[in-house]
């Protein structure tokens, strides 16, 4: 039988995620890197008490709808609906406003383990790579070292950081095939390829499913061996708003003016610039 | 000034490698994955007492010349000319014949630290990644654990494996640009991308130098940030020998016959096969 | 050991490989060591899709090419040129061993000098020369979900290779799941070594006589099955 | 602090960014944090080639696009769309932080709440809310070869941000190399904080009066240089 990791719906893709599951969610700040439809599906399924592993806790779909995103959900769908028991996260709150996660935190409704972003990536990779732990310098002399073994190796101090493994990893990629091979687009790789394979089951939400052999073997980023399920987003017509030439020109003029003005102000203040 | 990591000759590329240097050499078994001309250049330079880090110790150029390789040198050029003081290596000897490295070993002319292949890769990556060490399960209960810290994590035993860092990493890639971005060809990546960046200076020997921007940003395997020097091989006309149709047919017939014969023999012996 | 056993007909390399290949299930990720194991790639059971991994950094390659044909930048871990195949992909050594150590291989097949009754494996130190090559074997033995050993049942001198305790340096302790030899198929279980299948013409007693530890004969023990 | 200092003209965000950019040397790999640091990408000194890294997995991207233009799959760490540029490449988060932690960044520029006289940095815990976001800042502070802080010299309330000992949670100890504020450029050295440059109209004494630790005034201390 040909190997076929393609599943036909998002609900089917998350059917075995239960209450209390440990889930990894790929992506970074912007919604285009995030497995939005998988997040929606596990919200629909109604699972609770999740432990989540992610870079951030989301901005909420309202922000992304304003930008015209066709799939606007991010981690906030699980946060605002109080589905999370514990969050292992690098960027939980915003310096600029009080987000939904911070509200839950203040209300004592969610536990948090905050992890430096690079350590988070390395701990996830360690799980995938079958390592018992890694010695990381980041965090020595800060609150991050609390409760961790510290070791001096070759004259430098390191913290023992343990693997982070999940039951399910939900990731977003650009294209995938029936073996689970994946490619991404631009800066939207982020935590997605890192998390692929770091869970018992890895589920990839892709923009497009392609025939086996269509992906260039030199350019496949995630070998199919890390991926258990592939599910495709519905096609969208390009919702990307065309900026009118007048607008573009106006905006470009503003930027140029600002730069020139800065240099002029500097010179007025007696600061030479060349 | 534009960044330009391209150097014009192999001798120039290795000019600062001195006696006693610690060098990593990329590649695996077959010569096409190996930085042959860099190896020739450091041999020519006459440096001695090298500590080398490599997967294997080479088959020797005679073998590869028979195959018509235009650049036939592998690690053996340093082995047979007794330039190596210590070898950190995964596959030092052959089960089939006594190679030059084994002769040196028997004569007490070289030290060896044998490392499982995956651990070698992980220790090299650890150096590049700024880690103090990694806990690896491979080797527990074998001679590999001697002298190493053993730790039980989550019910499984691991060995503390320390980073392997070098003064110079010499690698081979297919194409490179002036920023040091690299792509490889097929199965010839091997240790090359792993070693890129794991040394103070990384030198890449490439089949071809291309203009900045020619490499697809989605397909660059080694970001230029890991690479300090890029040097191009001289162009070769395709030396790949054309196999005549008659030869090919003959050979294919032999293989098919062997498979059929095996199945027939199995059936004669009373073994059912379908 | 009686001389008549030495002379008794055994399975050849190709048939051992054929038997090994019957273990490959649909969708398995399989790594084949040099020698008999690599021959198994010729005998994938009809209709099954199996993905081969080679530690030099490739998944999903096709069959071995004709000698002299093929692309030198597309080789298996033994250096043989192989054919490209849809779905194939390439990666470097660190990623290749993330796949091995991380437990993504369903089956690893390799040769051995000795296997103990606990499933300890010794296959890297060349006994008579006291030198060895660990290579990728140790990672594969620790990492693969199922480890199959394909080897001759005895040494050239007729000494057992299946022993109570390995006298050679270990590659990994308690790692072997199945042993396919030129006279038998033996499963390593918590209770001991279970004799499951026999080469045609061989009896359990005969196999036991060239095996150091006591074998548990499976009630269903039968001639080697190739289908 | 005297009120006249509070009212005294300081450098604006753009000019701070302009001064920071003067630190970028030819071929430097540079990571810019959100806020003032990111503005520095507009002011790369003429004729120098600088490669920007963003922790979301890109090296070598171009300038920020017009708002609403650009490709949403090509953004900097602040989520702004940027232009593609020849030589650019993409990677995942693990690789991105190998680059950070492995010491491949020549310069990291970020904001701060406090910097101590030893170069300790506090910039992740929002003081008044007692919550924070470590994000990539900690790795960048530990990993970059040179760490430049771009910030206002005092809080809105006029309290010093350059302090003897940070009262906020540390991002990293002894990591800051250079502080560029709206009134001064200060280098962190083994001997202490060295006042190197002043905003026009400011005296060393005035800067000292809004700085907690004692500054060493460089003999060559002069007006901020932008060339």
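Should a chain be cited, it is by its letter among A, B, C and D, assigned in written order, with residues numbered from 1 in that chain.
Basically, a residue touches a chain if its C-beta (ideal position, glycine included) is under 8 Å from a C-beta of that chain, and two chains touch if they have at least 3 such contacts.
Source: prediction; values computed, not measured.
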Least hop count linking subunit A to subunit D through chains in contact: 1
Chain pair showing more contacts of the two, B-C and A-C: B-C
CA centroid of subunit B to CA centroid of subunit C, Å: 25
CA centroid of subunit B to CA centroid of subunit D, Å: 41
Rounded Å distance between subunit A and subunit B, as computed from the means of their C-alpha atoms: 34
Shared-contact residues (touching 2 or more other chains) in subunit B: 122, 125, 129-131, 136-137, 184-186, 217-218
Residue numbers of subunit C (touch at least two other chains): 90-91, 97, 101, 143
Touching pairs - complete list by chain label: A-B, A-C, A-D, B-C, B-D
Residue ranges of subunit C in contact with subunit A within the complex: 26-27, 29, 47-49, 51, 53, 59-60, 84-91, 95, 97-99, 101-104, 143
Residues of subunit B touching subunit C in the complex: 28-30, 32-33, 55, 67, 90-95, 98, 102, 105, 114-122, 124-125, 136-144, 184-194, 221, 240-241, 243, 247-248, 251-252, 255, 258-259, 261-263, 265-266, 269-274
List of subunit B residues in touch with subunit A within their complex: 122, 126, 129-137, 151, 153-154, 156, 158, 162, 183-186, 216-219
Subunit D contact footprint on subunit B (complex, rising order): 1-3, 125, 128-131, 177-179, 181, 197, 211-213, 215, 217-218, 220, 223-226
Residues of subunit C touching subunit B in the complex: 9, 11-12, 14-15, 17-18, 42-43, 46, 54-58, 66-69, 71-79, 90-94, 96-97, 100-101, 126, 129, 131-139, 142-143, 169-173, 199-201, 223-227
